[in-house]
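Every chain is named by a letter (A, B, C and D) in the order it is written, and numbering of its residues begins at 1.
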């Protein structure tokens, strides 16, 4: 059923020590399942799943989104681009 | 519309020239600049990282929404990545409109939405440590 | 604070550099630009005239009021006089602040107050005639 | 009692054909009295007094402001500087 390319950014990439992984697509694999898989390979990212958002093929997607071969899944920590002002 | 993620110095004059049209009476140009202090810490520099392919898609959606809310002539955005020193510009947003209040409102809205939605992150390197900033607690 | 009335081209980069300080995370730069149409007429050019000595005093009062309303790092304003072609900048307002929402709010307020209070006038030369514009009916 | 320097701008200057006048200060002379005086010398500005604001020594002042020798009085038509946007 092919593979999913997983991309990690910012703190997650630093903790995991990688920016990119390939994951085999099993029956009914969802975005959040990939996070659990990666947690077992990279224990440093364990416990952060609640803070992470998912993007499938460069669009925000629910954690339960099913994946298919060829998809690009990104694990998105809370974003902090833009200026360095607080927002008031 | 122009959107770029770049590791080079941003170009306010180019963005102004991009959005300046004969129908527009107002151009609002926002510069987000690296400050010397944050959360009471002395900042040494910032490191910005982006997911450019997705950033482009999210920006297109935001600019579409912006045009549905205000009468805007054109929009141009640049975000810088890599190491930025104090005083350097990390984000430029240029908005033109026939009407100045729409240019101000749309510019402010777009900066807010950018910080909320666009996949860009910053690591703050300060005296005595470093930290990835997550969300708007800064 | 910097305020100038000049018959030469305005200088956005200079104004940005004037207000950009290490404590400021946001700079909002407003450009008022000559539009091609007004009141349904095709504009050929504008002529701006000022009472510079009084304009300076009024600006000082407005900037004092601005500092009492928002946390603003610095402000710089230029207004151009004489003949301006379509697309040229008549007014530049630069505002810096630690906080972007204050920079946007103060910038918009200052442009509004400028148009209401500062003794500057424009004559519109359009296809088939000319008229001194009086007040905000434009 | 000296003289007041009167400055005219924009449409008023164009209609009157002058940008500057000297007016003798009489007992109790007020800003609005100067306008009436100028109306008799420059009939083209007659009828516009209601639209005009006054500035004495570069500060906005009420029409009834009394004048003294050496004052600078400006006749200020409705201002229209800034951008060429309508304000909405």
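Rule of thumb we're sticking to: a residue touches a chain if its C-beta (ideal position, glycine included) is under 8 Å from a C-beta of that chain, and two chains touch if they have at least 3 such contacts.
As the structure is a prediction and not an experimental result, all values here were calculated from the model.
A straight line joining the Cα centres of subunit A and subunit C is 47 Å long. Inter-chain centre distance (subunit A to subunit D, centres taken as mean C-alpha positions): 70 Å. Each chain gets one centre point, the mean of its Cα atoms, and the points for subunit B and subunit C are 23 Å apart. Shared interface positions of subunit A, i.e. residues touching 2 or more other chains, are given as 83-87.
Looking at subunit B, one finds that residues 25-26, 31-35, 98, 100-101, 111 touch two or more other chains. If the chains shown are joined wherever they touch, the resulting network has some other arrangement, not a path, ring, star or complete graph. The set of touching chain pairs reads A-B, A-C, B-C, B-D, C-D, using the touch definition from the header. Interface residues of subunit C facing subunit A in the complex, by the touch rule stated above, are 25-26, 97-102. The touching residues of subunit A, counted against subunit B in their complex, run 7, 9-11, 14, 51, 55, 58-60, 74, 76-87.
Residues 31-35, 38, 43, 46, 48-51, 53-54, 57-58, 79, 90-91, 111-112, 114-123, 132-136, 138 of subunit B touch subunit A in their complex. Looking at the complex, you find that subunit A touches subunit C at residues 83-88.
On the subunit C side of its complex with subunit B, the touching residues are 12-13, 16, 20, 22-37, 86-87, 96, 98, 100-101, 103-104, 107-108, 111.
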